[in-house]
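What follows is a set of structures for review.
You will see chain A twice below: alongside chain B first, and alongside chain C after that.
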Partner chain A sequence: MSDDPEVLLDVKDLTVRFGVKRGGLFGEPKYLYAVDDISFQIKRGKTLAIVGESGSGKTTAALAVARLVEAYKGTVDLDGTDFLTLEDEDLRQARAKMQFIFQDPYSSLNPRVRAEKIVREPLDNLESGAKEDRQQIVDKLFEAVGLHPEQQRLFPHQFSGGQRQRIGIARALATQPDLIICDEPVSALDVAVQAQILNLLRKLQTDFGLTFLFISHDLGVVQHMCDTIVVMYMGKVVEYADRLSLFNNPLHPYTVALLSAVPSVDKKRRAEMKRILIPGDPPDPLDLPKGCRFANRCPVAIERCKTEQPILNEVALGHQVACHLVDERAVSPLS
Partner chain B sequence: MSTNPLIPKDNVPIARHPAAEAWEMFRRNHAAMVALVVLSAIVLVAIFGPYIYPIDPFDMVWAPFSPPGVDGFILGTDYLGRDLLAAIIHGARVSILIGLAAALMSVFIGVTVGALAGFYRGWVEEVLMRITEFFQVLPTLLFSMVIVALFGASLPMITFAIGIVSWTAVARITRSEFLRIRELEYVTASRASGTKNSKLMFKVILPNALPPIIVQAALMVGSAILFEAGLSFLGLTDPNVVSWGQVIGSNRQYILDAGYTVTIPGIAIFVTVLAISLVGDGLNDALNPKLRQR
Partner chain C sequence: MTAPLLKVENLRIELTTRDGVAPVIDDLSFELGAGESISFVGESGCGKSMTALGIMGLLPEKVGRVASGSINFAGEELSTATEKRMREIRGNDISMIFQEPMTSLNPVYTVGEQIAEVLRAHQNLSKAAAWASAIELLDAVRIPNAQRRVSDYPFQMSGGQRQRVMIAIALACKPKILIADEPTTALDVTIQAQIFDLLNDMKRQTGAAIIMITHDMGAVAEMAERMIVMYAGRNAEQGPVEQIIERPRHPYSKGLIACVPHIMATLTEERRELTEVAGIVPSLREFGKNRCLFASRCNMVTQKCLDKRPPEVAFEGQQMSACWHAEAV
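So, the complex of A and B:
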């Protein structure tokens, strides 16, 4: 449990593994470590982003925090309660404090349920208050996310992608949660709608004092939305810093490469930033290298990187990085 | 806070229930519509026929082997001089009742087994699916004959005997639908908002898994009627009630001399089962969203 009262969510040593195959009767069970020993904290009212490429474990980490995937070990401390040790009824009640916005607005709404009932479901599950009160809350939520009251009676397929995501957001807000986990909430939407939804999320954050855990692979979105950023690669945290430090002084070679891939309309910035291509593929998650997991693609890797796993080090105030080539001077090995 | 200016207010579509859309699709299938009319007529006959035509099918009312249309008996008389039309009308009740009850029973068992197996996975699934396989490999007709022979040929026992051998298909369909739907985001979303397991299973997943189950159930009513006909042809039937298969069975020795005594109940079975199959096919069109765009 965190001593800092400012901290809302404190994740420690979170590990998620999946058994891959039984390997016959006597074979050793093999495990895929989708999330390997990650820790981070989010302060009240702030937004933390987890970024990384497909398969880096960011979504699994989010699902494990919300107890939608079982973690192998670690703690998820939300405002003093360890989410991972809660059981049945306690967990069901506690879920009201932590809600989820899903990536795909086309599959995250039950096609047979009217919009108003989708939004009301979390309230119905808690059986909080009278039925009329719940309906009033639904009315307010529809207004808050910018939908017409007439649309309450419609079915999900009668909405556009952006409207569907608004329904998903209204559902997440229904129980007045402290934390909302947004799993790539805009990646399935087109750009114009993305901006609307992101602005809506920001507005709701200030209106309701929400804290966000934001999962994304889009650094442009992250820069717009987030205060702190966790960069993941192959289930590990490679860099953990506040927005300014990360975008102005990316240290890990992987982060530098990621940032160099963000398109920019700024001519000056484009000239400064050399695109760094990272060759090859990520290693086999079932047969991870002994050393740094990025070593086989890293342009500056040395012998030590292949044999020794780097640990997360605080190299500057609020800036942690897991790389052998970065020291207290906080200079990226690529510069 | 203002509402979204991008959605003009008069552009809000009307709320249509999925059932209304399904009916629209069903109506486009002409064969199914005809079959629905035929089936409705048969059901009406089964319900009201015995009151309109109150001749007891077991009464010997005329000379044996009177051909259809002769002596005022529209469908003629059988080898004991019993009115065949009365047998068809009264038999409709039994055949359709057994068909419905047996299908209902298989749906009940099949959905329960399939839902538990598909939802909980793990050892629950292993155990339930092995039991399902056990029932699948049983020779179905033989097994139900044994049940009826052992426990007596009453209507409930015949229904049970048919239901117990035909639920496996429903169980497998339900399980596969559950396996697919439980991974969808709206189920995870529902779980994330604190929905209880029982509600997740029967209120969230099951309604979305229903279309193929309904189609299967409709087809099963037809096969249950056939099954009952088979059993009663073999004499495994309640001797106190008349059914179509029983009429065929009791007249089978005279098939060469008085063919109509077995043909007429045969046609009744054929038409009913065909109508049910076509309606099932129409339901498939109506409820299967993958065919919607066709």
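So, the complex of A and C:
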């Protein structure tokens, strides 16, 4: 348990593995470590983002935090209670404190249920308060997310993508959670609608004191939304830093390459930014290399990288990096 | 001035749907010079893909048709060309990379067979020569171990690799124009950077002109010299990329640039609220009406905008905006 009362969510050594059968009928069961021993903390009212390429384990980590997939190892401390060991009624109550917003506003809402019921359902499930009170909460939520009262009676298909995402947000807010996990909440939306939803999320954060775990592969969005960033690569945290440190002084070669790959409208950035292309593809998650998982694509890899896995090391205040070539001088090996 | 490679004039493409006939492309004109790169930007549903399909002669059968206007490629009119002639054009002069790489590759043939087939159909190569060329092309699009990977099936490749195979196929006939419809939307940015790098290299080497469709202004800034901002089937603004980013003359382009949280050269503590463009793109039913179709989302709207479609106003440096109040933007 975290000693810091400011910390709402404290994730330690979280590991998730999936059993994958391989090699014929009698083949040894193999395990895919989608999330491999990761730790991070989120302070109350703040936003932590997880970034990384497709398949790096972002969604799996978030699902494990919410107990929507089973963790193989590790602890998830939510506001002083060990969330992963709770049972029955305690779990139900704690669940209400942690809600999920999904990527796809098209498939995450039940098409046969009216909007008002979708939003009210989490309250009904908790059986909290009288029915009229619940309806009042729903009215307030519709207003808070910018939907009209008369839209309560409509079905999901009668809403646009952005409006559907608003319904998902209202539903997530219903139980007055402390923590909201947003998994790619705007990637399915057009840019103009993205802006509407991002502004809404930030406003709700201030109004309700929400804490966000925010997953996105769009670094522009991440930069705008978060206070702290976790960069994942093949199930591992490779860099963990506050927003300004990460964007202005990225240290891990993967992070540097990732940031350099983002196309920008800013002329100055385009002129200054040296693009680091990382050739090839990430390794097979079922057949990970012994050393650094980034070694086969890393432009500065040395012999040691092939044999020894780098561990996450605090190289500057609040800035952790897992790379053999980054030390307390906090200089990127690519600079 | 030499004649442009592609000249589209007053193009109108109509779609017949349950709700009737609507102009999905409504009076669109633009030019593309040899070796030039141009970008189409706009939210989904604005007609970017339809423009591309129109040029390729691949409009949805029985649904879409060029109703009026002209698509002139190197002096030849394409909008009235026969299907046989269009097939030749597609094989030799203009090729396209589609939005979804998985659906445009055939799952039951190896990537090598698919590339070789294109080569044989258009270049009269022997089987062995086509196969050798296929390996060369895979190598050119930087598939590691091309010799071996040429016998892979599409499902054995990652999304980025499949997209590179698509580029290899599109380049197989050494086209004069390459149309790329959101070629990287489904891919990670590191892979996107590889693909962009590859496209720029190919452009330099073969001198192909590129039409890139995207909704990402950053990608436009990186990949194109000129851009066309499309809204509801119409040209909203056209001009040099840098110039429009610095000084947009249409409220929609301005909104598209300002609503995105861009990464700037140096990040500061300050984070302002994103500029919002309220509402969404109108449905096809609204297309073609004699008014500004952006009016319902525009904060500069006046009565005039609702009464009549705005004409295109020319600005210095080849910039053009279809807005009644372009001067004031």
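Just so we're on the same page, the second predicted complex is superposed on the first by the 327 of 335 C-alpha atoms of A that agree within 3 Å, B and C clash if a C-alpha of one lies under 4 Å from a C-alpha of the other, contacts with A are read in each partner's own complex, and residues count from 1 in each chain.
One rule holds for everything that comes next: a residue touches a chain if its C-beta (ideal position, glycine included) is under 8 Å from a C-beta of that chain, and two chains touch if they have at least 3 such contacts.
Computed from a predicted model, the values in this text were never measured in an experiment.
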| item | value |
| --- | --- |
| Touching partner for A:A195 - first (chain B), second (chain C), both, neither | second |
| Contacts of A:E143 with chain B and chain C, given as first, second, both or neither | first |
| Chain B versus chain C as contact partner of A:T206, first or second or both or neither | neither |
| Partner chain(s) touched by A:R153 [first = chain B, second = chain C, both, neither] | first |
| Which of chain B and chain C A:G220 touches, first, second, both or neither | second |
| Which of chain B and chain C A:G280 touches, first, second, both or neither | second |
| Which superposed partner A:P111 touches (first chain B, second chain C, both, neither) | first |
| Intersection of chain A interface sets (partners chain B, chain C) | 196 |
| Chain A residues touching chain B - in the complex, by the definition given at the top | 63, 66, 68, 92-93, 95-96, 99-100, 102-104, 107-112, 114, 121-122, 125-126, 143-144, 146-148, 150-151, 153-155, 158, 163, 166, 168, 171, 174-175, 196 |
| Residue numbers on chain C that touch chain A, as the complex places them | 43-44, 142, 144, 158-161, 188-194, 196-197, 215-219, 221-223, 242, 245, 255-257, 259-269, 271, 273-278, 280-281, 297 |
| Complex contacts: residues of chain A adjacent to chain C | 53-54, 160, 162, 190-196, 198-199, 202, 217, 219-221, 223-225, 243-244, 247-248, 257-270, 272-273, 275, 277-281 |
| Residue ranges of chain B in contact with chain A within the complex | 1-4, 6-7, 9, 12-13, 15-18, 184-186, 188-196, 199, 204, 207-208 |
